[in-house]
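Supplied in structure tokens, the structure appears directly below.
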Amino acid sequence: MDIWLTTLITKTPQDGFELAIKMSRMGVKYTQPDMEKLKSGRKAYEDNAQFLIAASQVVAINYQTVAKANNYWKSKKS
Amino acid sequence: MDIWLTTLITKTPQDGFELAIKMSRMGVKYTQPDMEKLKSGRKAYEDNAQFLIAASQVVAINYQTVAKANNYWKSKKS
Amino acid sequence: MDIWLTTLITKTPQDGFELAIKMSRMGVKYTQPDMEKLKSGRKAYEDNAQFLIAASQVVAINYQTVAKANNYWKSKKS
Amino acid sequence: MDIWLTTLITKTPQDGFELAIKMSRMGVKYTQPDMEKLKSGRKAYEDNAQFLIAASQVVAINYQTVAKANNYWKSKKS
Amino acid sequence: MDIWLTTLITKTPQDGFELAIKMSRMGVKYTQPDMEKLKSGRKAYEDNAQFLIAASQVVAINYQTVAKANNYWKSKKS
Amino acid sequence: MDIWLTTLITKTPQDGFELAIKMSRMGVKYTQPDMEKLKSGRKAYEDNAQFLIAASQVVAINYQTVAKANNYWKSKKS
């Protein structure tokens, strides 16, 4: 696997959220590395609300990790 | 994606809860950015208790993150 | 939405548990604000053990948040 | 609801585990307080491995809370 | 129930993982104490990937608890 | 079971992610040690998006543990 994750630190809470989304996708990709299969499989599911909610849950769990790594982007001054 | 998350800090526990709901919705939106499909897909599910409980679980996970970022809205005095 | 969450602090562990239940219900209500639909949808599910367990899981996640906010109701003396 | 949870503190890790099981059951009971329905509903599910695993997951989440409240039952001496 | 959990402390990360597996099994056993039913129910599921993943998730949650109790098996020297 | 987990410490966030993936697989393997059954069972599921998302969730939970053990790979200098 190529290098895709060198740090958990991001500049903003939203950048962190987008990193959490990338991590969630990579969790899938390690399990099913064949991108073609992945895309065709996904097509059937992407309008499925149950699937979207499950994906959103993985993002939420990964975001907990990223947010903590960044000390919730709280300014160190306060 | 437009800027939608600049801080995890909110004034009250309820504001934080509503931010957690927004984060849960955005987790879905990143996976399925086509709002039209999202709305039609959701229509079939929104009366489905299983779906509602799954959505509520994502909110609960995101609320853990937001509540911690806000130190549980505890007054710093006490 | 009316004000329903002004603090995460409760007097006892059980009060905190009941707050976690309220938070779990509100997570559902934000997703499906139409109480009539919610009630009719729920009727079909409330005897369904799978649904009850899923609901209990959301309560458990919210209780983690509430218990931590209250420092596990440990007396500050000890 | 009667008083059933006055403290999260237990003497041993196993007592804490049994408290986590009680909390998981109470999470269900608050959602479906009719014990007769609950029992008949459960009968159909209790041999169902998927249901048992889901119940075990709720116990695991509640045990996180109880174990932390008890500082993992580590002797304060060390 | 016999005594089966007297400490969360283990010598190595892998011993801790195996304790997390035991805790996951005990969470099931408390819900369905009849081992015969449990075994026959499990036979139908043990080749089912969805079931195996759900079981692996419970192990992951319990491992969070055990790893924290052991301070992640980090040498106290460093 | 052979020794497979001697430390939770890794050099980079990505190494930690790959450890989380290994832990997720081992959680499955302890439940179903027969690799032949596991492989045939998996074949049917590996194109199934719901399965892939569930697997990704287990990875996310294990990654929380690994990331915390590594103090989020933050340089001790800063």
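Annotations
Just so it is clear, A, B, C, D, E and F label the chains in written order, and each chain counts residues from 1 on its own.
Everything below uses one rule, namely that contacts are C-beta pairs under 8 Å (C-beta built on N, C-alpha and C of every residue); 3 or more make two chains touch, one makes a residue touch a chain.
Everything quoted here is computed from the prediction, not taken from an experiment.
The fewest steps needed to get from subunit C to subunit F, moving only between touching chains, is 3. When chain centres are defined as mean Cα coordinates, F lies farthest from subunit C.
Centroid to centroid, with C-alpha atoms defining each point, subunit C and subunit E lie 26 Å apart. One inter-chain figure worth recording: subunit C and subunit D are separated by 15 Å, centre to centre, where each centre is the mean of the chain's CA atoms.
Separation between the centroids of subunit A and subunit D, computed from CA atoms only, is 30 Å. In subunit E, the residues that touch at least two other chains are 50, 54-55, 57, 61, 64, 68.
Chain contacts here close into one cycle, and each chain has exactly two touching partners. Listed in rising order, the residues of subunit B touching subunit A in the complex are 1, 3-9, 23-24, 26-28, 30-32, 37-38, 40-42, 44-45, 50-51, 54-55, 57-58, 61-62, 64-65, 68-69.
Taken in their complex, subunit B has these residues touching subunit C: 12-14, 17-18, 21, 46-50, 52-57, 59-61, 63-64, 67-68, 72-74.
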